[in-house]
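The chains carry the letters A, B, C and D, assigned in the order they are written, with residues numbered from 1 in each.
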Amino acid sequence: MRDLTPAPGSLRFRMHEIIFEAETPAGKAFDVTMLVAIILSVIAVSLESVADIREQHGTMLRLIEWIITIAFTIEYVLRLACVGRPLRYARSFFGIVDLLAIVPTYLSVFFVGSQSLAVIRAIRLLRIARVFKLVRFIGEAEQLERAMRTSLRKITVFLGAVLTLVVILGAAMYLIEGEESGFTSIPQSVYWAIVTMTTVGYGDIAPQTVGGKFLASIAMIIGYGIIAVPTGIMTVELGKARKVTADAQLTRACPGCGAARHDPDAKHCKFCGTSLGP
Amino acid sequence: MRDLTPAPGSLRFRMHEIIFEAETPAGKAFDVTMLVAIILSVIAVSLESVADIREQHGTMLRLIEWIITIAFTIEYVLRLACVGRPLRYARSFFGIVDLLAIVPTYLSVFFVGSQSLAVIRAIRLLRIARVFKLVRFIGEAEQLERAMRTSLRKITVFLGAVLTLVVILGAAMYLIEGEESGFTSIPQSVYWAIVTMTTVGYGDIAPQTVGGKFLASIAMIIGYGIIAVPTGIMTVELGKARKVTADAQLTRACPGCGAARHDPDAKHCKFCGTSLGP
Amino acid sequence: MRDLTPAPGSLRFRMHEIIFEAETPAGKAFDVTMLVAIILSVIAVSLESVADIREQHGTMLRLIEWIITIAFTIEYVLRLACVGRPLRYARSFFGIVDLLAIVPTYLSVFFVGSQSLAVIRAIRLLRIARVFKLVRFIGEAEQLERAMRTSLRKITVFLGAVLTLVVILGAAMYLIEGEESGFTSIPQSVYWAIVTMTTVGYGDIAPQTVGGKFLASIAMIIGYGIIAVPTGIMTVELGKARKVTADAQLTRACPGCGAARHDPDAKHCKFCGTSLGP
Amino acid sequence: MRDLTPAPGSLRFRMHEIIFEAETPAGKAFDVTMLVAIILSVIAVSLESVADIREQHGTMLRLIEWIITIAFTIEYVLRLACVGRPLRYARSFFGIVDLLAIVPTYLSVFFVGSQSLAVIRAIRLLRIARVFKLVRFIGEAEQLERAMRTSLRKITVFLGAVLTLVVILGAAMYLIEGEESGFTSIPQSVYWAIVTMTTVGYGDIAPQTVGGKFLASIAMIIGYGIIAVPTGIMTVELGKARKVTADAQLTRACPGCGAARHDPDAKHCKFCGTSLGP
């Protein structure tokens, strides 16, 4: 596929600048408008789902939703039109989110209620964050992301063990408690085990027999205790992620002895006393 | 606005000393009285809201409340009178709290029940802590505060992601579960999503369908897992805040330039290169 | 008061050895007997409170309880008799626990049900741990204890802030929700606020109005987030407590350059290469 | 007992290779088949417990279960046949799990419902992980395991204290609340205390009296606070476990004795004193 990168000065180039960049005043205005539109539409979709409000203000809310959807549709088409590689954009994460943000409203013509799915456009807020170049926040987000990525493997191992535990616990409770207490099947009991071990505890299903309460007590204490594991993993990785950032600032080497890791405010090498220079 | 700082020896100076300072015996007595009055009035307001107690002891409780409110009003007027910059005080955090602490009782003449708002005077306890110069505790509070301030950005990023997740989850549950299970609208479902992901789990709304329970299980596991993120952030920042305090105590001073905060293994002053000696 | 330390070889000395020490075979046997008696009596008291079991085995359970209580009473008297400073023992932590462990059964003659308080003798298990000289566990317990003591001040500051928050939140919910939803008084609402912010979430009281649910959502997110604070404090202090233990093992100084903090397995100073000796 | 290690080239040797190893294509195919069979059978057993599905697809699900059980039985017999020390295998962890994975289905002929226990074969998934030599994941799992093992002692001390607390709290609530609120016996109250202190909070039993609510509030705050302890322990141990792994990668080898694991700032080998060079 050919590269259709817009030529500088062309209309497509100007559009690309407004829609994808945030440096120019027009680009900033575009982003602010989009931000307001997203929040407004999420509120409109949410309020429309409330029966009382729908009866009174339904027409107005539907109108807002359609206007924003049509605006987003035009924006989507323009994005496709002015981007260098339209197909690549369409298959990118944000391209798919942009499409998913407009489809539900059109579907609502055929399937009543599907417009609720339009709240998925809340994900578009992520783009705003990106476009606004909230540098400081992105630095923090990157640190979080790095820590999450490196802890992913450990947390996968942990989750695998928890899922096995939850299935066995659910089956045991199904056998002990039986249908009367609400443990009507193994999947239902596994659902109860998840509700219990995550310490959510709705109470819609709760053990009634002595044996069930005993097993449930053990499950609760385990669930209460093992939250320490992902927390510990995350903390260690975050500490490391922060240290990497900090270490990156400590690579000033001493011209005398070559030692690194000097404090940011050091003027002389702490090992041999040579001046570190400006 | 002119500076109306009270002249030493004047009545206003003496009053300022009693009300704002805690060094003199009179100042200390004033603070202890205020402490007792705050706790007494919070208890009185709380007890008055209990129907049984109100019927039996209502008059006495109302009396206590009015006496304390009038005392606090006089105190507020005196503070305004003896402080150097009355307007600046009135607009400060504690000035506003002091005003909010007396307004509800007066409002209760016109609006029944508004006296309950008087519990806001509990915030005045913070002033006591400040005035009492609980140095050691303030040191701890400052460490906590510093860690909280530095983790605020990371936690904002985290909360933004959680809120987006909660809105999308709420809308999905609204579509899957429908009105019968209590998921009557998207805002209601978002409320359920918050109750679930924070592991509170009232159980007033709970999924009934298989799909809903499956999605809820995933939400619970995510909610159970992501508590690791703020905890990890806070731990790392607290560790850093404590290290800063500890570092400040590394008082090996350089014989050349007098600078402190050298690493335990440093042989030369990192600022001027003078040998630090054995 | 005179020191009545038992003379070596006397009957009192021998008794003291059996009851307070665990080195001799007789002392060990005594401790094991006591361990079994405590667990047995806690189980007996617990089972007696179950209506079905009380009807069937009540007499036997009461008998076990009385036998153990009389045994503990004799033990208490003997402890008083053979210890050097009886009054000092009687007022010590374990002296009071030993007394509280026998009083409830005697009280049950006059006040039906007070024997349930006898479970307080579970605290006596702590003595067993101490007597058994479970050194390794005590090392761990001391590390935990030290971390808890140093974090106590920070956690007091934190708890003070949380309590103020909980009172204000409770009063606000009382005003917003009113009697119908179960928020019948401020103390009741404060109870709800504690149930919610600790993420327990019984669901016996839950907000019904839109405003109440909104405020509750904020309270839940705050409660979910601020658990990071005590966890962070504890982690940092535990890390420090462990480091102190580790550091204590690193005080080997280099005979050549005097540098300390060598690894436990180091044979030569890592700064000057001098042998560290055996 | 004689060592019956299969001779290379024999049928038993080939079988051993397929069943216990995963290097050869046949061994890999065997493991994948087993993985699919385990997941399939856990799903089949779970679905069979759902009344609606059992009525419609019961025969098919039972068939799947029996086929897989017979396959697992044959596998178990073959494992016994081709392993060097059959008795040792039979008494090993995986040997017992392999047996427990097939027994429930046979028992279901005599005891209706016992087939639910067959979900225990989910534990067999652990073997798959082992066989697949998921090295990276196993590395993570080992780090987790090491951290868990070293924190076990501290967590045992902590759990002992919590259990004592829970028993005393349960007995106190039993006395305060009485039968009407659901606190029908001490074991029941202890169950409530566990549900509360782990912040699960079903709400099936909840305090009704003022005293009970006050005590419950304290219990909740303690439960909310002490989760900091296992989390702190785990974090510190995980940090240490990670550091050990990281240290092992500090492979600056000494030119004199070849020893690694020198500190980043070491100038001389800490084992033999040879200069480590620049």
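Going forward, contacts are C-beta pairs under 8 Å (C-beta built on N, C-alpha and C of every residue); 3 or more make two chains touch, one makes a residue touch a chain.
Here the structure is a predicted model, which means the values were calculated and not measured.
Novice: Going only through chains that touch each other, what is the minimum step count from subunit B to subunit C?
Specialist: 1
Novice: If we look at subunit C and subunit D, which chains touch each of them?
Specialist: A, B
Novice: In degrees and to the nearest 5, what turn takes the CA positions of subunit A onto those of subunit D?
Specialist: Answer in degrees: 90, to the nearest 5.
Novice: Look at all chain centres (mean of CA atoms) and spot the one farthest from the centre of subunit A.
Specialist: Most remote chain from subunit A, centroid-wise, comes out as C.
Novice: Express in whole angstrom the distance between the two chain centres, defined as the mean CA positions of subunit A and subunit B.
Specialist: So the centroids are 29 Å from each other.
Novice: Just give me the whole-number Å value for how far the CA centre of subunit B lies from that of subunit D.
Specialist: 41
Novice: So which stretches of subunit C touch two or more other chains?
Specialist: Residues 187-188, 199-203, 227, 231, 233, 235, 239, 271.
Novice: Based on the touch definition given at the start, go ahead and assign the chain network to line, ring, star, complete or other.
Specialist: Drawn as a graph, the chains make a fully connected set, so complete.
Novice: Which part of subunit D faces subunit B closely enough to touch in the complex?
Specialist: Subunit D residues touching subunit B: 199-203, 231, 235, 265.
Novice: In their complex, what parts of subunit D are in touch with subunit A?
Specialist: 42, 45-47, 49-51, 113-114, 116-117, 119-120, 122-123, 125-126, 129, 136-137, 140-141, 143-144, 147-148, 155, 159, 162, 187-188, 191, 194-195, 197-204, 227, 230-231, 233-235, 237-239, 242, 264-265, 278
Novice: Okay, in this complex, where on subunit B does subunit A touch?
Specialist: Residue positions touching the partner: 153-154, 156-158, 160, 164, 167-168, 170-172, 174-175, 184-188, 190, 196, 199-203, 206, 210, 213, 216-217, 220-221, 223-225, 227-229, 231-233, 235-236, 239-240, 262-263, 265-275.
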